[in-house]
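Some structures to go through are shown next.
Here come two complexes built around chain A, the first alongside chain B, the second alongside chain C.
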Partner chain A sequence: MAVFMDLNVPFLPDRSDLRSVVETAAHLGFSTIALNYVFEPTAKKKQEIPTPTPINELIDQLPMVQGRSRPIRVLNRLTVLMSDASHFRPNAPEYRCFDLLAVQPTSEKLFHAACMVYDIDIICVPMTEKLPFFFKRAPINGAIDRGVVFEVSYSAAIRDSTMRRYTIANAVSLMESCKGKSVILSSAAQKALELRGPYDVTNLALLFGLSDGDAKEAVSSTCRAALLHAETRRTASGIIYTTRSQREAPQGSEDGRFESSHLYRRYRCLCCVAIELQWNKVMMSESNTPSGLYYWIVIYA
Partner chain B sequence: RVRNAERCARFATRSSTRVKHEGAVSTVQVSVLLPECSSAPSHLDSVLNNFSSFYLIKKLPVYELLDRHFLETAVYHGAVFGLSYRTRIDEDNCVALMPNGHLTLSLDKDSFEILGFEGKPSRFKHRTATRFVVSVDLTDSSMAPGRRSYLRLLTSLKSRLQLQTDFLLSHHPGGGASIQPLLSRCDWSQHRPEVNCRVLTNLPCPAPLSCDPHSFLEWLGAVDAGISCENSSSSFLSSFVCPEPNTMHRHALSVSVSGLLLPHDIHRLLQELRRYVEQPRLASWVSMTVRGFADSPVSCSNHEHGFLRGGENFYTLMMFHDHTYQLHLAMGAHDVCPP
Partner chain C sequence: MVRLKSRYLLCEVNVSDRSQLLLLDDRAIMVAVKAAVARTHGDYGAAMCSIRFCVKYLNAHTGIVFLRFPKRCYKLLWSALPFITSIETRGQKIPCFLNCLHVGGTIRTCQKFLIRYNTQQLHRMLPKCKSEEEKQQVRKAILSCSLTESKEAFEEDSESEGEEEEEE
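Coming up: the complex of A and B.
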């Protein structure tokens, strides 16, 4: 079993509101949450994809999860509301600073493309309106094979009774098509009061037609699978994982940097060598640069 | 397959002069209800206040439980019992050390694969096994210090998976000295079980033998949690009612003891309650509920315990004036009912 996660906590610009939401989530027992930055591109003016604020600027001390002895883990996620195929740009560099990537399609064609083609982790199913399209088995099975999960959010059901009908109807039709696999449940809570504890969410999932075990997985193991899928996507199929550490510059050093294109070529070269020789694990030691930054290159297949 | 039975509740009515106590080893709470009693009699009071104390060790590295000296002085004599604290059985790694020398580690998939010791997948799996149980008998000759399996487990816990949890430790009376060396290496604090006494007035009590056991158990739980069963009309309608037929008792005493409690203390309490109920009194019954830890990897009789939506594993003993008793046993969905 995995820890309980809530992968859709909308980012609130007001810092105290956000802090209260994170504290409530920790108190309820969620060990990991993901702050959701929603990006809605419109044809009218060019908009920029938001960059995530580092979590230590938002909250000083992360609260402890109730019943465990660890602080809550906060991740960053981007949701792109797609009304046109050009809205999602694959491999855009702005996507790299987010831990999770999600897409909310609004038409059948976009849904099909999101399931089969796009390099994303989560597909959001709209809960606040009647579904504009029907779910077909083929794209859903394609998405499940690729490791993409479908997300159902429940806080709309808490806010309004009409939304409650739409939420239940849409969720039930999703469960019929996907048979309860690869579904995650999350709040899209605008306030701390709209969050519910993991076992309550499990009970809610029973209403949507999931079985006991599937419902519990929707809040724990499937979320973990989505996170691992995201990590794999970010690290080129889990082959290259790079981390940068700061070290004090030695005396009399100059402030020089490697060009990023030079490093990128070096990484690609190492990656190809590793695949060719079928190495299971290669750990390169640090390269001491004059600027005092050193890069570890860990290659594992 | 019907897996919707949330509770596997059974009750058995027996008549015997000796009640054999073989209950859950890891007990977190004992609640006693004495109807028609306004204050605890002195013998009962002294038993309740003399439960053994236990220790809470912060961040105990689990390989310390395999320390040779600790094994020889404490574990082999069956004197210690320990459980990991603030770890959830369905989220984290849990550790339990039983008096019979069994060390049980309930690990998630990543930790189990890192540990690299033999283990079995949990019985309560959904589609794929995500939880694994490593159960080791420390008194077995293959786990003697110096043997291959022992060294393998020790190196796994020391270097591969450095498992560290907060740990609750208790020892049988007289075994205090054996755990002192272990405690001296760690950050520990001693605690006494907490005793709460409440006198309830004007309590409607159902007649235990004449009503359905499920509703009686529910009523008992409501009394223990302080939930009113009056069902008066207000903006919130509660469905908890006292089962019919019921009689009104002027007083009742509800006592609960919480902490890490050992079987021999519970046994003494049981004997004291039996002596109490045998004397002629207004009320003819007494009930004692023993609850196990919701997050313990093992429940009674060394069976595996899990947590689906609730981790309850408790039993309620109803003792009557005429030497008969009723046993109600309740388990959650991820539990094995003892025979």
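Coming up: the complex of A and C.
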């Protein structure tokens, strides 16, 4: 069974609020959450893209996930609110600090571009207003083929009745076009009390027009697919991937090959991608330098 | 003989301040659920909710609630539960949310699950204990919960958990 994830928890400047949200998420059984930084470019003045604060500076000790003996995993995500095509700068170095990259387009043209062209992981569908455009089948199919996912957040629906109508209407019209595939459900909860448990979210998705199976995938495996997509984005076209092991060089370890389980997981992720894309061979090598151990993973296309 | 089938939802009431849980009673939860269903699903929902819906059990210490819904429409009624944001009781409004832990066909399966769940909670609590005495108490509570002495253990277990949490 795949683990549950909530890929949109807004970053709150107040530490104790943030802490209580993270603790509640762990208590409800979410294994991974993504702290969301929103960037809204305006035409008048140039703005700084926010930089993510490392999670160990925000919270001293991450809470344990309900039912598992592992602390919760916290990622960083950037959402760009786009009202103009110039707002998204591909290959901006600032984007590289984030684990996930999302855009929220406000016009049909931008939506089309986001689905077909931009190198992103998540497209947010606005939930707090009437949909400014209709969803067309072609760009949505393009997005599904590229592995980009659509996000529906439910906390606006919890807040008040008008938002609930917009959320359900927008979500249903999205599901009609994408047939329930590659959709993720996330909270966007400003307070700890706006989070909901994974099973409740799954059942809530029935109102959004998802079937049982699709709804469960929307909180688990589609989120994982989005994370894997993000990993390939961060590498050189998903072909070569280098990482530095956190520890010092290994000293006569027994298996020797994978020092940290973290690295091993990444290697396996990449292998999965390689199989999916029908690459022929995946090779992993390591080089020992004075500054630490480097692993090289080379995938022959 | 065919029995009337129901679904039992085992829910946990999550509040920010745990002492407020003691204010809860069956009636308040029933009213809150009915109001949420009527708000989300209108008259149809309210009608479905009036058939065999009841609050079977409430543990005010741990905030565990059993809800009984008729089987044919439990999904519809369940989909209204996330929209509960507060429960009004004794003139106070408690901001809270319901988190569904388990859906069962009989009370017995829910009870089995609840015992397992509460044991898990005690395990989570163990590293947080401050003094050795508290630790011993939690350990004893963990050992005492089993299914053979089901009803008593069940009561004891949830009671002791409530106490532990108050101590912290």
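Please note the rule applied: the second predicted complex is superposed on the first by the 241 of 301 C-alpha atoms of A that agree within 3 Å, B and C clash if a C-alpha of one lies under 4 Å from a C-alpha of the other, contacts with A are read in each partner's own complex, and residues count from 1 in each chain.
We adopt the following convention: a residue touches a chain if its C-beta (ideal position, glycine included) is under 8 Å from a C-beta of that chain, and two chains touch if they have at least 3 such contacts.
Because the structure is predicted, anything quoted here is derived from the model rather than measured.
Undergrad: Given the alignment on chain A, is it a clash or a fit between chain B and chain C?
TA: clash
Undergrad: Specify the partner with more touching residues on chain A, choosing between chain B and chain C.
TA: C
Undergrad: A:39 in the overlay: touching chain B, chain C, both, or neither? Say first, second, both or neither.
TA: It touches nothing on chain B or chain C.
Undergrad: First (chain B), second (chain C), both or neither: which does A:203 touch?
TA: A:203 sits against chain B and chain C alike.
Undergrad: Scan A:67 for contacts with chain B and chain C and give back first, second, both or neither.
TA: Touch partners of A:67: chain B and chain C.
Undergrad: Answer with first, second, both or neither: which of chain B and chain C does A:31 touch in the superposed model?
TA: Touch partner of A:31: chain B, not chain C.
Undergrad: A:164 contacts which: chain B (first), chain C (second), both, neither?
TA: It touches chain C, and chain B stays clear.
Undergrad: Which partner does A:11 contact after superposing on A: first (chain B), second (chain C), both, neither?
TA: neither
Undergrad: Where does chain B run into chain C after the fit on chain A, at 80-88, 152-160, 188-196 or 278-286?
TA: Stretch 188-196 of chain B has C-alpha atoms clashing with chain C.
Undergrad: Could you give the residue numbers on chain A that contact chain B in one complex and chain C in the other?
TA: In the superposed arrangement, which is not itself an observed complex, chain A uses residues 67, 199, 203 for both chain B and chain C.
Undergrad: Flag every residue of chain B that touches chain A in the complex, lowest number first.
TA: Chain B residues touching chain A: 3-4, 86-88, 90-92, 108, 126-127, 130-131, 166, 308-309, 333.
Undergrad: Name, in rising order, each residue of chain C that touches chain A in their complex.
TA: 14, 16, 39-40, 75, 78-79, 81-83, 85, 95-101, 103, 120, 124
Undergrad: Contact residues on chain A for chain C in the complex?
TA: Answer in residue numbers: 20, 24, 27-28, 64, 66-67, 154, 157-158, 161, 164, 192-197, 199-201, 203-204, 206-207.
Undergrad: Quick check on the complex: what are the chain A residues that touch chain B?
TA: Residues 1-4, 31, 67-69, 199, 202-203, 211-214, 216-217, 220-221 of chain A touch chain B in their complex.
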